[in-house]
Each structure stands twice: as C-alpha cells, then as structure tokens.
Amino acid sequence: MSGNILQIRDLTLSVSERDGSMATAVDHISFDVREGEILGIVGESGCGKSLTVMALMGLLRDDVKATDGQILFQGEDLLKISPLRRREISGKDMSIIYQEPMTSLNPLIRIEKQVAEPLRLHGKVSKEEMHKKALDLLTEVGIQDPEACLKAYPHQLSGGMRQRVMIAMASICSPRILLADEPTTALDVTTQAHVLDLLKRINREYGTTIVFISHDLGVINRICDRVIVMYAGRIVETGTCRDILDAPCHEYTRGLIRSIPTRDRKGEELPCIPGRVPSVEDPKEPCPFAPRCLRALEICHKEAPACVRIDEDHTACCHLC
Amino acid sequence: MEKNKISTRDILRVEHVNNYYSKGGLGILKKAERNQVLHDVSLTIGNDEFFGLVGESGCGKSTLANAILGLIPFEGTIEVAGHRHRDTDRKEFTRHIQAVFQDPLSALNPRKTIGETMREPLRAHNVGTRQEQEQMAARMLETVGLDASYADRYPRELSGGQRQRVCIGAALMLQPELIIADEAVSALDVSVGSQILNLFNTIDVERDFSMLFISHNLNVVYYLCDRIAVMYKGYIVEQGTADAVYNHSGHPYTRLLLSAIPDMEEANDREKELLEKFKDPVPGACVYYHRCPYANAHCHKKPDLVNIAAKGEPEHLVRCCMPTLFDPESLAEPAHLPGASLRKEPL
Amino acid sequence: MKYFLRKTLILVLTVFLISVLTFIAFHIIPGDPAGLILGTNATEEQLEALREQLGTNRPLSEQYTSWISGFVKGDFGTSIRYRMPVSELLKGRLPVTLALGLISLVIILLFGIPLGILAARKRGTWVESVIHFLTILGISVPNFFLCILLMWIFGMVLHFFTPGEYISYTKNLPGFFRSLFWPALSIAIPQTAILTKYIRTAMLEELDEDYVRTARGKGAGETWILYLHVLKNAIVAVVPLIGMIVASVLSGSIIIEQVYGIPGMGKLLIGAVTSRDFPLTQTLVIYITVLIVITNFLVDIAIQLIDPRIRLGGKS
Amino acid sequence: MKKKILAMLITAVMAVSLAACGGGGGNGTESDTFIYGMAGEITDFDPFSSGGTANSRYVTFNIFEGLVKVSTDGTVKPAVAQNVDVNEDATVYTFTLRDGIKFHNGSEVTMDDVLYSVQKAVDGGLTGYDEIASFEATDDKTLVVTLSRTDAGFLDYFTQAIIPAGSDDNGEMLLAPIGTGPYMFGEYEVAQQVTLKKFDEYWGEGGSIGEIVVKFLSDQNAQLTSFQSGAIDGFGGYGEMGEQINEENATITQTLSNMSQVLALNNAVKPFDDVRVRQAVALAVDSHDVLDTINYGIGQVVGSPVPPALTKYYMPELEDQYAKDNDAALALLKDAGYPDGFTFTVRVPSNYPVHVHCAEKIVSQLAEVGIDMKIEQVDFGTWYEKVYKGRDYEATMISVDGSTISPTAFLARYVSDSKSNFMNFSSAAYDEAYAKALNATDEASQIEAFKAVQQILADECPGVFIEDIGSLTVYTKQFEGYNSYPLTAMDFTAVHKAE
Amino acid sequence: MRDGKKELRIGLVLTGIILGLALLSLFYTPYNYNAMDKTARSLAPSLKHLFGTDSYGRDIFSRAIFGSRYTLLVALSTVGSCTVIASVLGLVSGYVGGLPDEIIMRIIDAISSFPDILIALMVVTVLNLGQFTIVVALCITFVPSFTRIVRTATLQYKNAEFVKNLRVFGVSDLRILLVHIFPNTFPLLLSTIVIGLSNAILAEAAMSYLGLGIQPPIPSWGRMLQEAQTIVYTAPWAAVCPGIMIVVTIVGLNCIGEGLRKLYL
C-alpha cells in the first residue's frame, strides 16, 4: 500500500438554510487517497460529492461550513491552515478542473495569460519562461495549434479545447494531486474519450494523483483505479473498479448498476430504485438509503450500519454485507 | 417484453430536407453568410415505431427536430400523419405532433402550476370543458406515474425526473401520433433516466404512438428504439434497424461512437485505441474523410446512402464510399461484405 | 465597418426624428416671438414690422424647411430673440456646457468607480453598509435641493465660493473652472451614487461567475482576483450605463445652469423655449441630442474594444 | 493594489478641496464700477422696437434722449430741444434745438438727425405718432409739428429717442446704439450682461460712476443670491425680497413700480359678463390684505389703472370704492343668480411669482363668499398668445405698465374697439368720456375729464384693480441715490458713492 | 451586506410614515394649508409650527403633508399609466422583433433624448387637465426607460424552452405573450415601478420648480422648495422640510425596490 497523499477523517459539511438553521450535506465521511492512484467518487446529484471536493480545495461557498473533521495533506490539516498558506497550496501542490468549460475561463483575457497565471502566482518566473512553459503544456495536452491558441480568447475555442486548456492550467505547476469535478460531463462522447485518455496519461507520466468525480459509472470504470460510492452525504461503498462493478455489495450500488441500459437489456424493463434522493433538509435516517432499499431490514431503520470489510480492498456500510 | 411492432403506415416522412442559417447578417446592409446545417436528410417513421437519432452536439439533430415541429424554416418536404406544414395551419398541425425537451426545469413555466400547464394544449384546441380538462390532466398525471395532487404544485417543487414526467404527460394530452423526444433523459441522473425510459415503454404498450428519440448516447437509443439513424455534421451517415446499426455498424463514425461510449465491461486492454486518425480535410471529399481511419483515394467524392443489408433483411443504409460490414466484437480488420465492392482493390 | 455604417444611419434617423418632434412641439405651443420681444404696449404695426423682419410671419412649415436646408449646409439660421446667427451664440455656450459636463463626469468617474470597488471589496463589512446608505441617499436627493444646500452651506456660510458669480473662460481659466466646480458637483452627486451602485452590483455578480472559482483554484488572492479578473468584466457590464449617465448629466445641466446662472446651452434652451425662438431651440435640441447619441456611439465602440467576444465574433 | 485605490481617493479629495477654497471673496467692487443685477434679459437696444419695453428701459433710458425727457415729478422737461412752446389749442408744437449737444460718437446733433428720428417713429407706427399731420424744420434750429387734432398730452410721445441720421437704416441700432444720453453703450455679452460707459461730453449733469454693468439674472432668487454673495452691487425687486436683506449692509429705497396690478376678468365670458358679478368679486377681494401679506405693505392700493406716480391724474378716492365687504358681495351674487357662488380659473404667467402668490391669497379671500378660484400657471409665451391676444381665458393676474407717462397709455386699453382691450370691456359711456378727455384743450380740463373716465371705469369694474406693487432698489453700503420716475426705468446718473 | 428583508423593512417603515402623514392630512392638518398669517412670518420650527412658517406665515408642515397627497398621487398615476403603455410596447417589440421592434425602438430613442422640459411645455399647453397634465408629461418622459426594461425581460423569456413548448402545444402567440411571458416579468417590473415612483417624485419636483407641475394653491414639494430658495438666508427651514420629505420618501421607495429585487430576482 503506497503512502496516502491525502487523508480525510470524519469530514462534515453543513449548509445554512434561509431560516438560519444548519443542515448537514456531508455527514462524517472518511477516506484516503493513495499516492499516484486515480480515485473515483461516484454518486447521483445531491449526494455531496462536489461539496467534498470543494472542501478539499478550500473553495466552499459562504453559506457552507466544514463543521467537523480533518483533511490531512503533506502533514497539514487543510481546514485549519491560514488562508495565505491555503493559497500557496492551491494551484501549486493541489489543483482543480471543473465541469463547465464554457464559463470556467475569463472571457476577456487571452489564454496564455490564464494558463501561465499559476506560475506568476507561485513563483518568480520570467516572461519568456512562462510563454515557453505554457506552449509546452498546450502541446502536451494535445492542442493542434498551440501558438494560435495562446493568442486566442476563450470564446474562440471549442468545448473540448477549453477543457484541455483547463487541464494544462491545472498541471502547469506539476501539482501532486489534481481534483476533477465531472470534467467530461458537458463534452461530446468522442471528446470525452480523448480527455479521459489525456488524464490517464498525465497520471501515468507525471504520477499526479487524480480524484475524479462523476455520476456516470461508465466513465468511472474507464479511468479510475478505485472508486467511492456516495449517497446522501455518506460513503456507502469503497473498492476497486472491478470489485464495485462485478460484485457490488451495497444495495444502492447494485441498484445503480442494474438501472443502466446496457446492450444486453434491450427492450427489457429496467429495474430502478423507487422514490427519489432525499434533499439536504430531510431528517437524517440512520441508514440514508433505508427508505428506498428493497431489502431493508428492521435494524436498517434503527441503527447506522457499520462499514464492513468484504474483501482485501473492498468495504461497504450496510447491515446485509 | 419484446414489442412486436409492425408499421403499417408512415407517420413521419422527411424527404431531402436542407436547412440554412444566416449568421452576422445586418438586414439589408450586409449579406449574411449562409451556413448549411441539414444536408439532404430523409427518413420515415412508421406508426407505433420508436426511431432513434444519434449524433454529437452540433450535428443538426435538434435542428431537424425543430424543422419537423415547424418552428424553423427548411427546404424539402416534411409530412406528419399526412399533413404538410405549408397547407395546414400551425394549430391543426400541432394536434398530430408533440415534443419533450432536454432541460425539464426550463421547459415548464415557473409561474404556472403543473395542472395549468398540462391543460394548455387542451385549452389551445378547446377540447372539453374546464372540469373535463382537469380530469384528463389528473388521469394523465397518473399514467406518467405522478399523484394527481401534483396538479396544484409549481415546477420548482418537483425533482428533475418528476418534471420530465409532467412534460411527457403534457405532450400526450392531445394523443398525438408522433412525439419528438430531444435528449429527454440526458439531463437526468442515470437511475432517474431509466425510470423515464421505462415510462416510455409502458405508455407505448397502452397507446400506440411513434417517437423520434434524439440522443447523443448510442446505448440509450439502442435500448429504446426499433430503428436508428446516426448523424454527423448534418448528414445521415448510417440508418437501419437497432440491431443492424448497433451490432453490425457499417460506418466508421458509428464504430467510433460505439468505442468511445464508456461502458462497464471489462475493458480488454486498457489502452483501447480510438478508431480515429486526424488528417487535413479534403474539399469535396466525404464529410468524415478528415477523421476516418480507413479513408483513402476513394473517398474524395461525396458518397450517398448505400443499402448494405443482405436481401430480404430490413434496409441498412450507410453513407460511405466503401461500405463495409464491421464486426463490433473484433475491432481488427473489417470483414468483407457480399456484393459490396471489395475495399482492397482501388477502383 | 458595416457596423459603423448602420450606427451612423441610426444616428441620422434619430436626429431627424427629433427635429420633426421639435417642429411639432413648436406647432402646438402657442406664442408669437415678436409679441414677446415688443411686450404688451406694442402697436399692431410694430408687431407686423418685426414679424416681417424676423420672418416669423411665414407658415411654420416653411420656416422648418428653410431651417433644415440651412442646417444641412451648416448655417443654423439666426436666433429670433437675440437677432444674431445661432452658430455665434453657440460658440460661446457649447464650451461652457461641455466643460460643466466634463467636470461632473470626471467627478462621477473619480468617485463612483473607487467607491463601487471599495464597496464590493469590503462586502459584508460596515464599509459596504455605509457606502450603500450613501448611495441610496445620493440617489434620493433632488439635484435642485442639492443646489440650494450647496449654495447656502458652502456659498453663504462657509464662503467657499460666490454663488451666482460666473467667470468666463476668456477672462481667467482657473476662475472659470472654479465657478463651474460647484454646479458640476450638484449634477455629479446623484449620478456618482448611481454609478457606485451599478459598479458594486456588477462586481458582486461577477464574483459568482465560474472563472472566479477557477482563479481561486489557482491560489489567487481576493485582491488579485478583484483587480485582474473581476474589474475588467464589471467595467464591460457598466460601460453601457455610462451612456445613460452622460444623458442625465446633460439633461440635469439644464436646470442646474438655470439655478446657478451659468450661461450654458441649458439656460439658453429654457430662454429659447419660453421666447419661442424656433431656430435656436431646434439647433440646441439637435446639439444636445447629437451629444447624447455620440456618447452612446462612443460607448458602443468602447465595448467593442474591451470585449473580444463582440469584436472577434463567433468561434474561430 | 490597496495602495492604488487609496491613492486614487486621496488625489480626488485634494482636487476637490483645491478647487473649492480658491473661490473666496467675490470680485470686490473696484473703484469706479457699479454692477446692477436685473431679473430678465435685454436682447437688443433698438429704441424704435423693443427698446420701449420695461426691461430694456433699464439701459435705453440712459443711452437715448428724446426732444423732451421725463422728470422725477412726472412732468416733461426739454432735453435735445432747448425749449418747447405749444399754441393755445394744443395742435401745433414748436421745438428749438439745443445747441452744442453731441452724440456718443462725438458728432453734434443736427436738425437732419431730428427729422430722421421723427420720420423713423412715424414710419414705425409708434403710439401717438399717428396724430401727427405734418412736421418740418423751419430753420436748422426749429422744428414745427402740427397735429391732426388737439392733444394736450402729446409732448409725452416726444420722449422718443433721437438718433444720428442714417444710423439705423438696416438695424445697426439693434446691437450698437448711439444716443445723446449720459451713458454710452459699452460692450454687450449676449444674454449675460451689458456695460455702459460714462459719456463725458454729456450736455447736462451726467452720472458720477464711470462704468455701469447691468447683469442679466434668471429670477429673483438669483438676484438675492448674487447680492448676498457680493457678485452684484445693486438690484431692483419686489417687497417680499426686502425681508431677506439685513439693513446694516444695504441701503434700500422703496418706490412704486408705477403699474397697477389687476385681477382682469374676461367680460365676454359668463359669469363675468354681468357687472354685478364683477363688482361682487371686487368687493370680496381685500386689496389691503393682499398688499400687507404678500408684499409686506410695500406699495399702494389703487382703484384704477392709472398708477399714483401720475400725480395729476391719480384718484385716491377710488382706492376704497370696493373695500372688503362680504355681505354686499353676497347680496350682489344672489341677485345676479349665483347665491352659492361659482368656480372659475385664473391663468397666471408663471414667470411673475408675485402675481402667483397674490392669486393664492385671493383664493382664500374669495372662498369667504363661496367663489372657488382655481389657479393655472402658464409660461409667458402661452399667456401672451392665449390670454393677452387670443382673449381665451376666464381671469388673469398681471400688472400692466404704460409706455409713456401720459394717462392715455393706461386708459386707452379700455376703449371698446381698442386692439389691446384684452378684458373685452365695452361701455359706451366710457368711450364717450374718453374721447372727450382726449380733446380737452387745456391741462385743467384734461385732468378733470380723465378723472371722470376713471370714475366710470371704477363703476363698470372690468376687473379688480388691486395695488401698485412697491419696488425696492437695493444697493450695497458703498452706493446710494435713486431717481424714481412714473414709468419703470433705471436712471444710473443718480447712483453715486456714499460719503 | 444586509439581505433583502432588512432593507424591505426599512423601506416600508419610511414610506409608511409618509403615507401615514398623507392620509392624516385628509382629515386634519394643524393649519389650513393656504392660510397666510401676517403676524407669523418666517417663524423658526417650534411646537406650534413643527417645521416653522414660510414668508407668508403659512405653516410649512401642514403644507408639506397636504402637498404629499398630490405629489404621491401624481407619481402613482404617472407610473401606473406608464407601466401599462410601456408593457404593451415592450412586450410587442420584444416578442415580435423585426420591423415593429426597430420602429418602436427608434421612436423610443428619439423621445428619450428629447429634453423633457420641451415635452412638458408642449403637453401643458395642449391639454389642460388641471393637476394631471403633468402626469401625461411625465408619463411620456418615463415610457422609454420602462419600455426598454420590459423589452429586455421579454427577449430573455422569448427564447426560453417553455415558450417553445407552448408553441408546440399550439398555444396562440398572443396567449403565450400575455398569459405566460408577461407574468414572468412581474418581479422585475415591480422593482422598476418602485424605482420609477421615486424618479416620478423627483421629476414632478423639478417640473414644479419650473412652474409646470402641480398648480397652486395646492402646495407641491417642488414649488415649496423653489419658494423657499428665495428666503433661504433668513428662513432656511422652509427649504429643509419639503427637502426632507422628498428624501425620506425616495429613500423609502429605493429601499423597497432594492429589497424586492434581492428577494425575488
């Protein structure tokens, strides 16, 4: 087991509602990120995966607070460090790419300045060097005409090109860990395939650890080594890709996999999970999935399930596993 | 639950439709450049048939949908249940065709209750009295799997999936012969999306209606539809039965789509190389020339649709200068096609 | 280039529409310029003689066509009231109103932008609440009430300036600017408040944009983000409003010139309208409208320069 | 970054304070200049056209002189003419030219100049000149004017300006007037101010101040502000403005404005076609109350259009003919058929605030007898066109001044067929009495005749003659001296440094 | 930064005070608004005269609250009529687009850059509806800005998917416009109306400053200010009271506008 680059212990995030009360959106989650791996976090919208990544980067909105837990990175707890120190890490050791390439770049500034910005922020680098580094990065991420792209403005690039620029921007300071919040969801399926390959290459060649968030199990399967399944602010199952896809243990994971219209299910009734995802305000159940779980037992409604280790690298938090 | 679908008559006939849009025109002052979006698109949908239309963003599938709905001008003929745009007035035309759009949030007027929105089509065609309309709306809510009490709720109080059900219900109020679903499940989570797919199937059992199901996800289209057409940059590059297009795709672009869609199978080799080879586009050549791994001198002319199906089999058209039959399993060298010209000899 | 052609066409069209509107206005408002000059004791013959001399006995439509044909050739006709060519009258007036407008614009920009930025930067603190309160106050004070206050407090009590005293720029320039400073201030205060409010809202809106989140992800500090990223976008959002602010500065100056007795185009306009001086009013209205339309023109060009999305059009 | 903003703010504050405090101290009056602030504008100086209006007389009165000139006691005394003699039936007037009198351009006044000026007045159709049958110069020193009918007061018309021959053939006089008066025309800044220079070779005793600047201000507020701040040395205004000046640093001279304020009732419009209703309104209006409240008592109540300044013709007994008497008014209203009163609108020109305020006072007075008066302000251009010439109104409030000091200037208006009879007043008795007065040969009979005319007018009561609004002339402490004339005019020769 | 609610509350309180005073003046004013009392000229504010008296001995406080009724009435009717006209114009030019949009916008541009004093003069002379001629004049000067706001809102909703949906339902354009698009512009319209009210009061004050506003003897804040300017040296309070009334009303209205905008947009 190579060393853990990032440890999250009992991280709890609460959102302040209009009427002033605090509702927990992420409920005491703990997991580790191993050096050099691509860790996937999968879950439907509203399960708190984006909030978790934002907490890692220290970019929580004003109305969201980390009310408990620690995020240990290079020996520091990111929740406790000073904003100044936090800013030194962001962009240099830890960087992030987002889902919407169309709006994530400043429309009024040329690509070159935006790509080279982390360099300017994190160290004295001469203009030529910045230009050269930016040029290299753009070629690296597979942009055909990097020279023209540097001079261009964001609105002149296609969705796919912009996401590549984002990746270049995020890895220009060769960070140790790269967080990706659904980076390919807004892209075409062919462009998505290219971007996923690019990320894999960066992980392989530079050893950058990647935390990849998605709601699409197919994408997770294509790029991730390990995966965490989240539901209503809780981790329900963790394991390698194959364990989760071939032998899902938690009822929710199974429901997710069953409802995907794959080739062999043409025309059949897709078994799907009844009801709908609880919202943040709803009262907290011991096991959040219990109300929708077809195999729920008495105990599921009373006691919070403990996380059981099923296999060497596969745990699930359910009374049945 | 294999539907035994036999199409007796054509509900939708689209013949040689071209569409241009002008960009940057300043009225009389500056001549607008005319970009062509749809290139000679023709397709027919039989009654009680689900027809899938697949393509990446910008390939013109939504433009075709809007053209069929009569929202935008086009050249060529479009007939819905025997009615042509030009000779039937818009209101009469809408009785036969309805639509379900991608983003359920913006497809419903935030200021109107669900009941009011569902009654709009009935009110527009003044079908029945107000009470009757309310009952029909309530019944429709049940058919789409929602409690009748939702009629008094506002769109913002519903989840994405519930809102999409309302849109489907509203589209079915006038019992149209044809429904156009433009990316109906793309904006939803997978589990919610599959509930909608189930809904389409259950409704199809109760009442027979045809559907043009548009999506960028080939798997979803394969799951739901009887026949599929694949579009690329305004051209239909492949068209045929779901099984033919999905399992025996004859066009490199369809192959590319198939290989690009992330699925859950055990990828045999992590580095499954994408079937693409970028090169400089050649004017006048096949529209897919600059990305086609098999492109060669043959492809320097604009191909038209060729039927590569064996005799007796349902039509399977491919727009390629060298239509070949690919076995999706083996991504290696494409097998020969009886009767088609062999790829090897230069013509 | 086509864009400017279209804009100039609209400019000419609007100006023509305005001159027609003025013509209709004069058609409707009763009042005989000759009578206003000679007063109540004039005899009929005197009135007739003066009307003949001024040409006001010709039907109004004829006066309009002769004025238009003159206007096109650059001759704005002779003022009925002052009996001298309108262009000469304007020669002395235009610089005054322009100077007044410029000074108030400088004050608006000099105070509006920094205050707006400060309010955005210090959002949530007492600084922002104070600025917010001041802007609402600034917007609510009628500008002539402001004049009375300024004249009374700074003029009479503190003797910072002598109200009612105007030093022409021909005599001494610093004196000229000093005498224009206070009227400019009374025009500027409400507009500064408006600009501050707009800049603050624009910046707060920009702060919620995704590119700000990206910048934060790169480790950029608040101030870095505010000045390098947000400010430029806020300016682009606010520039169109500058056109509106200039328009209200111009219309505001009409009343302010009247109260402070500054011989600008505004005061001349009120005089021209009350004395039914058709050529002078027509020219003044056109001048003021052209000023406003040109400002909007410049605003459009400014937007083009700053915002590449408009300048370079769609995807390359 | 922070520094950048602070720097911007500091420079802004500095620029403000620098510009602000530089302005202390108005341009203290240099030695020999007197700046007079006038509410209104003078647009040209042609004595034969607009030179005659009240506003422009502030300046033309000092630049031009006629053959004869008005004196402070309301009589006329020789000016360009050395002396005047009139035959017994007042049909022939003989003027002898004063010798050695000079124009501002230095040339001496000759008979040709006089003939040219009189001819110009006749051609211009000025009031009174239509009575001239013929005029010629018997020699280069005497001018004989024969009238078509007897007119004892004809001399008042000959105050008309004498200008150099050929000097106004095509309107040069408009902006470059040349006359024989004590002050010469200096420079004129359009709609801003006009400067007059002392004419050293003036035949009579001229002014003591070397340079007079007449500044055009927009309204009474501007006058007060400029005076308080020292931008002007003197101004003329109404009674209510006097309150705002503290006595220590100003010398205030109270005079009458020599015009009578009238609540004119359109006699052609119901209910004012009935004389009883007009009398009832007159009784309900309390002129003394209006004078004391609105004009702080500065001015004088009048009963006829002839202002008190025309001492010979003024009738003080008319002042109280319609003294406040609500019961009499109600009685008159009842038998005129309006027992519970009626409603009417008074249209007031908005550029005369004093009339608007008086109207507001009268509203409450008329309300006491059930008459509901509504006020509608109109701009002067509309008033002149609609009310004065179009006679499309129910009532209006205005002070009407006379162009000359003869009673005819104030009474001619009420003759039935007069063009300026905007009140549509017609009474045969009045016309007959007026004609008789015109033909009166000697002064005594003329005075007696004109008084009878005024009595008829008072009885027929075309409108309510309220007051001759007092006017104040205010100087700073350094100046004093003011000549009051029976018509609105400003004699700058009277102004001199206070010892 | 205070959220919408607090501002809304402040705004309601301030405007409430003014409305209260205006309603009070219907039944009781300390003195008759036009009673001139020679003996009580230019008195300083005292218990007898809350805001002192003007140069003719009239009680400024009574005049201010009596005048407030008319000023508010003029403002309300101006903004009311203007909203109706502007909504029609804005909806039509926004939804229909093409030539009618171009024509309407050109006319709007022309009117908006036309000096408002000329418009006021023209209207005041043409029709004399007594107190309400000024309403027509102000309405004409306000229509351009209101129309632009409604037009932008309509454009924004015109391309919304639910409009496309309705069109597919076969709903008529008119019904889409009036029943569906128009209600969606209400929040924006609401805050514009409130801001419009404060601008109307300012404009009426400016107009009556030039003698074109509410006609005497009914006092209007603008005219009281103008008259007060004459006596500002000896009786400055004469200017302060109407000034404060205007400022308080407009601050109140602006706060409500801001609050609404924050809560609903």
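By written order: A, B, C, D and E. Residues from 1 in each chain.
Methods note: a residue touches a chain if its C-beta (ideal position, glycine included) is under 8 Å from a C-beta of that chain, and two chains touch if they have at least 3 such contacts.
Everything numeric here is computed off the predicted structure, so don't read it as measured data.
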item	value
Count of contact steps on the shortest path from chain A to chain D	2
Greatest separation from chain B - chain, by CA centre	D
Chains linked by the largest number of contacting C-beta pairs	C-D
Euclidean distance of C-alpha centroids - chain B vs chain D, Å	90
Centre distance in Å when chain C and chain D are each reduced to the mean of their C-alpha atoms	38
Chain A-chain B separation of Cα centroids, rounded to whole Å	32
Per-residue overlap in chain C, given as positions that touch at least 2 other chains	29-30, 151, 156, 224, 258-259, 314
Per-residue multi-chain contacts in chain B, two or more chains	none
Residues of chain E touching chain D in the complex	32, 34-36, 38, 41-42, 55-57, 121, 124-125, 128, 130, 210-212, 215-217, 226-227, 229-231, 233-234
Touch list for chain B against partner chain A, complex	1-3, 56-57, 159-162, 189-192, 194-195, 197-198, 201, 216-217, 219-220, 222-224, 242, 246, 256-257, 259-264, 266-267, 274, 276, 278
Residue ranges of chain A in contact with chain B within the complex	44-45, 144, 159, 188-190, 192-194, 196-197, 215-219, 221-222, 242, 245, 255-257, 259-263, 265-270, 272-273, 276-277
Chain D residues touching chain E - in the complex, by the definition given at the top	220-221, 224, 228, 240-241, 243-244, 292-294, 350-351, 353, 356-357, 359-361, 363-364, 374-379, 382
Touching residues (chain side chain C, partner chain D) in the complex	29-32, 35-46, 49-50, 53, 81-84, 89, 92, 107, 110-111, 114, 117-118, 151, 154-156, 159-166, 168, 174, 177-179, 181-182, 223-224, 226-227, 258-259, 261, 263, 267-268, 271, 274-276
